[in-house]
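Read from first to last, the chains carry the letters A, B, C and D; within each, the first residue is number 1.
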Amino acid sequence: MTIRVAVNGYGTIGKRVADAVALQPDMKLVGVAKTRPSFEAGRAAAKGFKLYLSGGGALEPFHTAGIPIAGRIEDLVREVDVVVDAAPEKVGRENAKLYKEAGIRAIFQGGEKPDVAEVSFNALANYEAARGKHTVRVVSCNTTGLSRAASVLTSRWPIEYWQATIVRRAADPAESNRGPINGILPTFQLPSHHGPDVRTIFPQLPIATLAVVVPTTLMHVHVNHVQFTTPPRDAAEMLAGFRGTPRFRIFAPWEGVDGTPQVMEFARDRGVGHQDMMENVLWENGVRLDGQNAYFFQAIHQESIVVPENIDAIRAMFDLAPDAAHSIAITDRTLGIPAP
Amino acid sequence: MTIRVAVNGYGTIGKRVADAVALQPDMKLVGVAKTRPSFEAGRAAAKGFKLYLSGGGALEPFHTAGIPIAGRIEDLVREVDVVVDAAPEKVGRENAKLYKEAGIRAIFQGGEKPDVAEVSFNALANYEAARGKHTVRVVSCNTTGLSRAASVLTSRWPIEYWQATIVRRAADPAESNRGPINGILPTFQLPSHHGPDVRTIFPQLPIATLAVVVPTTLMHVHVNHVQFTTPPRDAAEMLAGFRGTPRFRIFAPWEGVDGTPQVMEFARDRGVGHQDMMENVLWENGVRLDGQNAYFFQAIHQESIVVPENIDAIRAMFDLAPDAAHSIAITDRTLGIPAP
Amino acid sequence: MTIRVAVNGYGTIGKRVADAVALQPDMKLVGVAKTRPSFEAGRAAAKGFKLYLSGGGALEPFHTAGIPIAGRIEDLVREVDVVVDAAPEKVGRENAKLYKEAGIRAIFQGGEKPDVAEVSFNALANYEAARGKHTVRVVSCNTTGLSRAASVLTSRWPIEYWQATIVRRAADPAESNRGPINGILPTFQLPSHHGPDVRTIFPQLPIATLAVVVPTTLMHVHVNHVQFTTPPRDAAEMLAGFRGTPRFRIFAPWEGVDGTPQVMEFARDRGVGHQDMMENVLWENGVRLDGQNAYFFQAIHQESIVVPENIDAIRAMFDLAPDAAHSIAITDRTLGIPAP
Amino acid sequence: MTIRVAVNGYGTIGKRVADAVALQPDMKLVGVAKTRPSFEAGRAAAKGFKLYLSGGGALEPFHTAGIPIAGRIEDLVREVDVVVDAAPEKVGRENAKLYKEAGIRAIFQGGEKPDVAEVSFNALANYEAARGKHTVRVVSCNTTGLSRAASVLTSRWPIEYWQATIVRRAADPAESNRGPINGILPTFQLPSHHGPDVRTIFPQLPIATLAVVVPTTLMHVHVNHVQFTTPPRDAAEMLAGFRGTPRFRIFAPWEGVDGTPQVMEFARDRGVGHQDMMENVLWENGVRLDGQNAYFFQAIHQESIVVPENIDAIRAMFDLAPDAAHSIAITDRTLGIPAP
């Protein structure tokens, strides 16, 4: 069985999900939808992806650019089993009506409110919850990173309290109109929405999050303090838990990775995806256990971390794999993410 | 009684302390010491400060620059009662011998280890501990910020646990050779040294700190989560605690201060010191109380926050004021820091 | 005779011009107008400036903020002889009608097109052209910097050709929503508008300018290549030309000023204005003469360089000084800009 | 005939050249040399490259890291016909002795002085000059970019004068310890060394260059003003000249490429090399002709632009191709750089 997939919205997330779908043995990328031509539309055409006009888009600019258009999003949705909506925040909710009318299933991104879909999703955490569902919301990059870490921790060592500071990148690398250039902006929502969002996946998790925005484009960094009820024996045991789980990359001191600049350099050298780091990134010397208390940093690549989750969500919705482990294994092998 | 003061080291901290000393009714700035000429040495001369050669400095470059030199640091220390050492980290410890031989008292900065002096100091927290001492260490900018906040909190509402993430500026505004330009660098010391350093002032404080470095030059930001044993009634009571204490500035929403860029713009408009913000900066909508738990942001101006503390330290050492409140009142009035 | 002055628009330029007007012996600041409360409105009130509501502003937010409002801009214009319009780009042109109806004179900033006023103005270059005029446009920061340099050069050494690259700061220090954070943006206008704008002052100047935007907030830097018809004897003669002219600051190598970070640190230490650098900034080792060709860098503080020009413009319009030199001398002495 | 190649130095340039060599039909990568383990050494091992210890490196850290070492650089040079030296600046000159003793040919990078080799090289400009040579210096990134542009221009339209401002990136993406974070630093060498360096390739070129350093990591941007003796008919003819030449990429307005952030995003999407942009990057609306004068911007990816040049240099030295065009065609096809 091959699931026919459309991607609506071809920006940071959409272009990556489209590439990822195209690599799956059990899926077929039917087309992608975009409102305006751009170098990214040019790349899509060069790769042989069929382009459709989404939302308020006009044909004329695509003609001028010499990029063929196969139809409108309304045409595309008739050809597919599921659409991955990667439109800008809040537009997904608008699009939902179209998908419903077309009678197709839909995946939304974390920028939409949880009630846009039947379930919020993270592959490691609640794969089964999405099985057979018609609408699924893949949680945002930060929530995905926290949920993966929660999967490792909560299944092994009960947590009394988790406090995370989300140090957020202010813009994506290709966004040249967003600041600040020099300064730190607190997020005046205390605690921040990330904690409640993690609880759409782990309803009982005693986590509180706070956020600041800083002038960088590469990755978010989570500064975590976890107090366990029953702690790991030592940091090594904790590290082993992360290391044995898919979608974690632990850097050793000899690798010389001082922070996010070197993590992304590693990603560039590795060449997975669009120079992506789809794993949660931790450091061996960035995990410490002190009695009941654990401290750890993790870096989250906002552009790509949700990409494998979108793929697994499709597999769960259409019952294409016996369980999460099987789906994750296929996704990661095809995308080039090393197995644990 | 007028205390004769020298400042050894005329960089970010030293030049500010020198200006502050010159404004005090009970102190006299005898001279400042510097190793090399620079525009800052030129400003010192223009203000009429007497310059002395410190440490490894040579006369020749000052002659070339046309800046008069009154002598060497060895001469300067013979003319004063106390020296404020604002030399680069670890140089202060070396200088300590010179001060001791000269039989004068000395203040060191927080870059030195605590055992450089008899006591670590913060005016709000432990003014009395420095009274009559011969050597005092003014704790670093981040520790000063945390200690001030601790003074407010611990005296009113017992704390069960305090977790702070220190989001550190990577360089000062005039340091053009330090990075990163784009990226976040975790500090791989977990918990970070700031917690233990606060405990040189508050020995029992249950605080754990973690730190990251981000590409900005303006201010540090502390992301705080405090769990109280006996909490304030509400956020308003907590805010009132901060507001009623010297050296706190709480921004209201109507002031339009989104983060550190606007805080420093406020400082430029106000014109205190060298465009300084010597207060802990909080935001009305950046303080939240949720049962036993409080969340709050505070921004710390690394260049200036310790300046009034150095002044109060002198006053404590020489018994120039009946108590902390009197010393702080004089310092703040002369420096232009508004009273609560 | 004391000229009554209003400032409409109290942002980066307006707040500085207001302070500058208040320092003049022959002018009186009647009031400033602002649309919304902010910490800057708070500072204005604290300084005793009378605040008026400008344009689309509402009273309610000021009341909430506790900032007294003396009236509307329509009231303010009736009380003054001249208004300095420092409203955002293109709003000045709208405001022009109001000023005309009120029968008062007006100064506009360089963000407006030249035809907003009878003459475009730079004090060193064409003071006389503004004498007695009813409307004057003070050219923008970059054009002011180029015009000052042109005043020095063209009066001494005829120019064959001048090529300047304007390396522009992307945002002002307090603008936290503008990027890019990491990248360089060419200005796709070749040559850029700066050249033609300089020719509103020097109609025959053979200058071509190109511009790029870079991620910094402090200052612009001009990279100049001038080919002379009759060159200076040597770089020293050229430097002497700049040094002997008001509103130039030449840094010597011993001052240790590597670039704009240290220039602004100098400005902070000096404390003129809002820690401003109202002079064109050059470097001794940043001026080179090679036959007919001269190369020089100059840094331009976008926030403040036009402030003294606005003051001189008022003086020219109302015939308050016998000539440019007298007006400049008064302005610079009151503002704290050192005389040559 | 297959040329056996070593790469000594496995940083930004070395790792890219090694990958490029491994893709050539007429070359064999025998091994790469590195002083210390790092994630990059780990990637080299994962790709099956043989690692050798270079210069002052020790075995122990590699053993700890579990990275096999095949020998020392002294062993490696015995196994190859040519070494590409990509060691840090000035180390190449030291290494030259070793290569000479081993009787092998050597390529040096532009960080070394021109006299390190018999000839300075750029494939488009002077391929023939390197034919049969034993030592060749591939000029630096900025000089390569200027030389390519000069190849296009000088062969078609004689130049009277060329003035270029080099707006330099302050650090590479993975360098987290270099600044400035906020500011512009003029390069106090007027004109800058880039002009003379271009003349190692084009001895008669009347070019003068000036440089500033800005806080970005992505690319350099050249701001060019060329005065022709005999100009192109129009900008379209000039663009056609660039477009018809290998290693130029001209972005059209519809592609939405505002500056270097989007150029590098394009590179990431394209996936050539380490997400590299080995071409000179121009913009259709960033080229203007005005009588004898042309203005154009070009962006230069400092990390990768010299990579194809190193490959062509090997081919020239060993007479592996009939001419430049053939060598360039093979290099570009294997590396994934589109033909004109």
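Here, a contact is a pair of C-beta atoms (placed from the backbone, for glycine too) under 8 Å apart; a residue touches a chain by one contact, two chains touch by 3 or more.
Note that this is a predicted model, so its numbers are computed, not measured.
Peer 1: When B-D is set beside B-C, which has more C-beta pairs in contact?
Peer 2: B-C
Peer 1: Determine the centre-to-centre distance between chain B and chain C, using the mean Cα coordinates as centres, and give it in whole Å.
Peer 2: Distance between chain centres: 35 Å.
Peer 1: Just the number, please: Cα centre separation of chain A and chain B in whole Å.
Peer 2: Spacing between the chain centres: roughly 42 Å.
Peer 1: Where the CA atoms of chain B average out and where those of chain D average out, how many Å apart are those spots?
Peer 2: 47
Peer 1: Provide the list of chain D residues touching at least two other chains, using ranges where the numbers run on.
Peer 2: Each of 173, 175-176, 180-183, 185, 215-217, 258-259, 261, 264 in chain D touches at least two other chains.
Peer 1: Based on which chains are in contact, what kind of graph results: line, ring, star, complete or other?
Peer 2: It is complete, because no pair of chains fails to touch.
Peer 1: Please name which positions on chain A make contact with chain C in the complex.
Peer 2: Within the complex, chain A contacts chain C at residues 170-171, 173, 175-183, 185, 215-217.
Peer 1: Along chain A, where are the residues that touch chain D in the complex?
Peer 2: 15, 36-40, 42-43, 61, 64-65, 173-176, 181-182, 217, 251-252, 254-259, 261-262, 264-266, 268-271, 274-275
Peer 1: Spell out the part of chain D that touches chain C in their complex, as residue ranges.
Peer 2: Touching chain C: residues 163, 165, 167, 169, 180, 182-186, 188, 190-191, 208, 210, 212-219, 221, 223, 225, 258-261, 264, 283, 285-288, 290, 293, 295-297, 299 of chain D.
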